[in-house]
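Single-structure report; data block below.
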Amino acid sequence: MSDTSSNPDPHEFDAVDHSHDHHEGSYLEPAGGVWATIKQWALTKDHKKLGVMYMFAVLILFFLGGVAALGVRAELWEPVRYKTTTTVNDQGETVTTQEVTGQIFNVGRPKEEPVTDADGNPVLDDNGEPLTETVRVYNLQTGNETYNRMFTLHGAIMVFMVIIPSVPAALGNFFLPIMIGAKDVAFPRLNLLSWWIYVFGSIFAVASIFLGGVDTGWTFYTPYSTTTDADHWRVVYMITGAFILGFSSILTGLNFVVTVHKLRAPGMGWFDMPLFIWARYATAIIQVLATPVIGVTLLLLIMERLLHIGIFDPNLGGDPVLFQHFFWFYSHPVVYVMILPGFGILNELLAVHAHKRIFGYRAVAFASLGIAAVSFIVWGHHLFTSEGSLAATVFSALTFLVAIPTGVKMFNWIATLYKSSIVLNTPMFYALAVLFLFAIGGLTGLPLATLATDMHLHDSYFVVAHFHYVMMGGTIMAFVGGLFHWWPKMFGKMYNDRWAMVGAVLVFIGFNVTFFTQFFLGTRGMPRRYASYVDEFQIWHQISTIGSYILLVGFLIEGAVLLHAMIAGKKAPPNPWGGMSLEWETESPPIEHNFPHEPIVKHGPYDYDEVVPPHWDPKDYPLPEGAPSHHEPGHH
Amino acid sequence: MIHLLASVGPVQELFFRDNGQATYSRDSDLIFLGLFWFSFVTFVVMMALMIYWTIKNRGWKKGVRVQRSASHNNVMELTWTIIPTLLVVVMFVVGFRAYARQVVSPDQAINLDVAASKWSWEITYPNGSGATETTAQNDVGANAAPIFVIPEDTPIKLTMSSADVIHSFWVPDFRMKQDVFPNRFTTYWFQSEKLKDMDRDNPDLDYPNKEHWLFCAEYCGDNHSEMAGIIRIVPREVYAGWIREPFGKDQTLLEIGKTLYTSKGCVQCHTTDGSSGTGPSWKDLFGSQSQYSNAPAWTLDANAVREAVYEPAAKIRQGFPNQMATYQGRINDKELRALIAYMKSISTYTTDFDPAQTWGDLDPSAEGAADGAQDSGAEDTGG
Amino acid sequence: MSNTAEKTFDPTDPHGFHAKDTHGHVILSPMTLIGVLVALIIFTVLTVFASRFEVWLSEAFQWEIPQSVNVAIAMSIAVIKGLLVLMFFMQLRYDTPLNSIIFGTCLLAFGCFIGFTALDLFTRDSIDRARSGEIKAGGLAAAHTRYEQVFNEKTGQWERRKVDISVLGLPVAERAKIRERGPDEQRVSAHHDEPAPLPTADRTVRLTGLHLFAIHDEHGGDGHAEDGHAEVQGDDHANENQDGHADDLAHDPGG
Amino acid sequence: MSTIDTESPSAKQPLWTRMTHAHHFRSHDEEFDACKIGMWLFLTTEVLLFSGFFVAYAIFRAMYPEAFRGGSHHLDWRWGSLNTAILLISSFTIAYSIRCAQTNNQFWLKFNLLFTAFCGLAFAGIKFALEYGPKWAQGKRPGILYDYPNPVNESEPLWWSVYYMATGTHLAHVLIGTAVIFIIWYRATKGMYGPKHYTGVEITGLYWHLVDLIWIFLFPLLYLIH
């Protein structure tokens, strides 16, 4: 802590200085008329506005991806079966008809059929060519295809357009500069560009849905992805969308690395940064180093589809497993782009609402970097059943390395709760839920990293359950927790904690009902991406489907609570929870340039037992015995 | 330790179905259960601490009471770094040892060929035949699935390749899967289990057997979920008899054609009820006038069928994609004739069809000579 | 979490970046720049010369220098040239170490990418091979070809013949066209003419305790050849098992 | 990023003396450093973008050595060498233009930038007119488009795929770089760059050097190794 003689008051440079002449309005203040406001938002270079726009885009796409997931679950309510009915027609003949049951969505498929006359002879057009007409075909196969498009849609939207930008771009944009005391990110124009690239890429990807949907799976494995729907452009649109989205991710990551390096507030050394920043920094490194590879991969894939260049095409001597290496060199690190910021938020939630410094700050910070580093050498565990046995062995050994920093983080978080002082509000509930769910997600990773068991579990529902526990239980839950944590700061409005808690509990229960069953499905032999299944699995699938609809109700309640807060919530104080990091020192919502003048950091982000939080009265916040008394803020 | 884990029957039954493989899959199950109990204990301890401290340090009623505590503890943190490191090393080694047993096949094994294509499995036996029986509809998937016969208590080695996209051969009861590629051969081996007494004495079965599902585990397109099969483990003598004479000489071609329609995977793309699939329906197909997108119209006769099977890209039916894989080497002449018999039977455009023609009638050579050759072969190898 | 604010604090330089050095504003002397350019050109001439010299040697004296030497020379020179550009033109030598670290990290990531991908693709099934020796390493020589044993009636010999298993529409036709035209005779290398070994080298069913089940017709059943590209039609005798069990058994009836 | 001071009494001074740093940076130096770090990060992404082609090259070269050996015989080392020389010289001129900006040598700054841009165009011209054009016409095309009657090896289409993808992407970078250099040159004619403000020239120079750097590796791999 600071040397007492030189600076007795840690809040001397407190950023909110009401006596200051220069008064700036909140960043949310509209500019004149409607068009001016739209222009103000569309062309803004303000990281906060961009963060808010990212957030709403992500939430809208989360809804879209969620609807697809609910469709998938509904389809799996019962297996696809033929139902044979025998009837006797007018002539007294028995007629057997078969219909497909268990498919609730079937958009069919257009098909050119030759036109025939009553005798079955082809009808010729003026040029003597056989006339054709387009009919729409509905059968078992087209129903399955509809299902395949739904899960592809779900996967692609959730991965490329929701989880990757959720915490990193939405909350990261809003809070990273504020938390390090900067006025903005290093390159605000680049940030704006990044946002519009994201919009553009998403439009491309979503357009492919309206053109009929894509059934490649979000992993675009060749040679399936290069041959399916061969005469349509929509697959190319989807791949191009993902390609464009990659640039958005790269530019955001690049911007944040530079911001963290150059724009930290005076007094903020590397180890005075909040752990969210550490996590976001590690994420940015991965984004910069891994995303270009998906760029070249998807470029080659587009060329493969358009020109058949053959690099991934076995017919021309290319190798489909090479594609898998290319793809997972990006897509495994990107798993940590998804989860690391979730970890970062978890740190903030735990520290603020448990009023406790994160146990082993440096270990947690270095664990983030460690995970980022290891993430580049473990991608082969997605290929255990397709790659050579030696590579599988090496990758298995390396994969276990990830478990170590992750375990360290888990233990440190649990230890943080020791001697804490917990207020169990909605954000804290989400934090505990993430600990619970991520523990399951992480531990179920062990049998997937172990070669012998993965040979059974690979591409089964066990994997599906595992990554949903990590991606959704870890990242999305942390994201939603972060929304509740920072909503008062972002919009200056408090939400109804009671209803939010009801929603949170429903989400927690729904999530576990949905996905815990899938572990058993996986070990018992249910492959993933199946539109149908053997009858034995039906009970498990039905429980899972029920869970998914509980999840829907939970999320709808949460959405309503947040929207209600935005419209009609009580005004939020600058620091409702008693946080220590810099974002709590400014107004809620923050002013245009975040701080009236540059803040100078005088204490660590988690010194809960040494400093009264900014904007708090010492009598509401009794410091423990032995805390340096001079830290009580006196004057304001 | 192993025995302790092995004794946890209920947990094993919760997670796993019966085991159909005699060597490595038990190791795999044991490793899984070991990891499960390790994870379970770790999880319970962590969650117990989390909940205990959350309640003990609750500040939501009595107000925040910040406590002073250590910011870190190097000894403790090193401990919970080093111990997991050692544990994962153990996990890796154990997993690898079992994996080596999974991927390295013994020298003495029956070699079978597996051909995967959208969306069917085919196993070719040493005598050149494939599956000769199928399940009923709605049994595994909606479509009927081929049944592959495997002798009990025998090491089997599959050499697998794909005709189109990547597939993955997964028999959940063997706890093993392997991807199947269009550009290289991969292998999969297992040692079928000895049939248990309960299977032997089952009065519902014609002969003792035990069935295991076969799935495709790598997403391969529309009917990915229909790409199933049954591995049927039978007594050795049943297998020996079957492989000597896969189709009975008295079986009619129509009957065999129907079976092949499913077991060779035709069912995945061609319907027999007139509705349109990936390919044209076989109903009223044979003898009809066909329009092609890259060739003049043609009456669909036996030669046209033959060409469509062996060189599907040569003539592409109007309104259908060029998606069929060649069946060169996967359907032989006799089988093709059986299939044509089946096509004729459901077509109104032809009357040239003898429903009574049998498999034995197809053999051009004298019946006695063929029998003799087969018998002597059996004696040579069987003695 | 120590606080660093009490150190002599310069608000314009909160992290003390500029107190130490004046990196980033180095003015390179013309002689340095020209020197580097000349060095780069010389190295370019050198690498081209090495390459042409090797071609000349092989054409004039049939001295085939191993390809690894060729690659090593070319890549060493490229690395030296790259370092010159990086250090002087891009000024990494005078710049903050951070930029070098950034670039080094990216090369490390590149190394991981190429290293581990190669590790897989060049050692496929090596654990399996180590013990059984049955799976061909890489397996990729058979990328779009597959061989089967076919009985040639004219010569009375069993022959290995290529079967096209590539069937995904357009590429097949295209490749068939190439094959029909035949390779350019002048450029055919000996290496190319050699058929790749059987993808599954040893398909003999070892008739030990299991021979009860391995019952084969002498001619491998009643198959036929369906090889669309084949000139030989060995209908009655060709083995329809793609990998030639019957071949083995024909020479070794009864094991 | 920077804004121009149009109001102070010094408005008659050259443009570069009036450039102020963006408001969220504390000093001009800090902005310069940030831009440079940002550019280096961007260059890493470029290297990794090309890494895909290098990996594909390495893998397929090892798999089909004959096809790649035969393929590289089709490339003319003379054009490759000429292009290498052009890029090296342009790299030198743009490095020199930075020196000119630092020493406020406005004429040679503009000359060097323009020279560099024309080197870029020359590179592209040679590539299109003397390499891609004739080869494409002969049927030496990537993948399925391959229509050359005398392939050395049946995997040769793959060589052409790698060749066209790698050099094509590199060429796209050359063209983008040329366009950016023209913009920088235009700005230089307005007097925007001088000793106190030359960030634009500096980071454009870095980009151009990277384009050169990648060619330094592509050239021997594609043209020289047999």
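When the chains are written out, they are named A, B, C and D in that same order, and each has its own residue count from 1.
By our rule, contacts are C-beta pairs under 8 Å (C-beta built on N, C-alpha and C of every residue); 3 or more make two chains touch, one makes a residue touch a chain.
Keep in mind it's a predicted model, so treat the numbers as computed, not measured.
Novice: If you average the Cα atoms of each chain, whose average lands nearest the overall Cα average?
Specialist: A
Novice: Looking only at C-beta pairs that count as contacts, which pair of chains has more of them, C-D or A-C?
Specialist: Pair with the higher count of C-beta contacts: C-D.
Novice: Indicate the whole-number Å distance between the mean C-alpha point of chain C and the mean C-alpha point of chain D.
Specialist: Centres of chain C and chain D (C-alpha means) sit 28 Å apart.
Novice: Approximately how many whole Å separate the CA-defined centres of chain B and chain C?
Specialist: Taking the average C-alpha coordinate of chain B and of chain C, the gap between them is 32 Å.
Novice: Please report how many Å separate the Cα centroid of chain A from that of chain C, as a whole number.
Specialist: 36
Novice: What's the distance between the Cα centroids of chain B and chain D, rounded to whole Å?
Specialist: Chain centres of chain B and chain D, defined by C-alpha means, are spaced 52 Å apart.
Novice: Mind pulling the residue numbers of chain B that touch at least two other chains?
Specialist: Each of 71, 100, 103, 164, 182-183 in chain B touches at least two other chains.
Novice: Could you list which residues of chain D touch at least two other chains?
Specialist: 30, 33, 37, 41, 44, 47-48, 51, 55, 59, 63, 144, 154-155
Novice: For chain C, what residues touch not just one other chain but two or more?
Specialist: Counting only residues that touch two or more other chains, chain C contributes 1, 11, 14, 98, 105-106, 109, 113, 117, 121, 124-125, 127-128, 138, 140, 143-144, 166, 168-172, 175.
Novice: Flag every residue of chain B that touches chain A in the complex, lowest number first.
Specialist: 14-17, 24-25, 27-28, 31-32, 35-36, 38-39, 42-43, 46-47, 49-50, 53-54, 57-60, 63-73, 76-77, 80-81, 84-85, 88-89, 91-92, 94-100, 102-103, 137-138, 140-143, 164-166, 168, 170, 172-173, 175-179, 181-183, 213, 215-226, 269, 271, 273, 275-278, 288-289, 291, 297, 318-321
Novice: Under the definition above, what is the set of chain C residues touching chain A in their complex?
Specialist: 1-6, 9, 11, 14-15, 98, 105-106, 109, 112-113, 116-117, 119-121, 123-128, 140, 143-144, 166, 168-172, 175
Novice: Contact residues on chain A for chain D in the complex?
Specialist: Going through chain A, the ones touching chain D are 182-184, 186-190, 250, 254-255, 257-258, 261-263, 288-293, 295-297, 299-300, 303-304, 307-311, 313, 316-319, 322, 325-326, 593.
Novice: Using the touch definition from the top, list the residues of chain C that touch chain D in their complex.
Specialist: So the residues of chain C in touch with chain D come to 11-14, 17-18, 24-25, 27-28, 30, 33-34, 36-37, 40-41, 44, 47-48, 50-52, 54-55, 67, 70-71, 74-75, 77-78, 81-82, 85-86, 88-90, 95-96, 98-99, 102-103, 105-107, 109-110, 113-114, 117-118, 121-122, 138, 140-141, 143, 170-171, 174-175, 178-179, 181, 183-184, 186-189, 191-192.
Novice: Residue numbers of chain D touching chain C in their complex, please.
Specialist: Listed in rising order, the residues are 26-27, 29-30, 32-33, 36-37, 40-41, 43-44, 47-48, 51, 54-55, 58-59, 62-63, 65-66, 70, 77, 81, 84-85, 88-89, 91-92, 95-96, 98-99, 102-103, 144, 146, 149-155, 205-206, 209-210, 212-213, 216-217, 219-221, 223-226.
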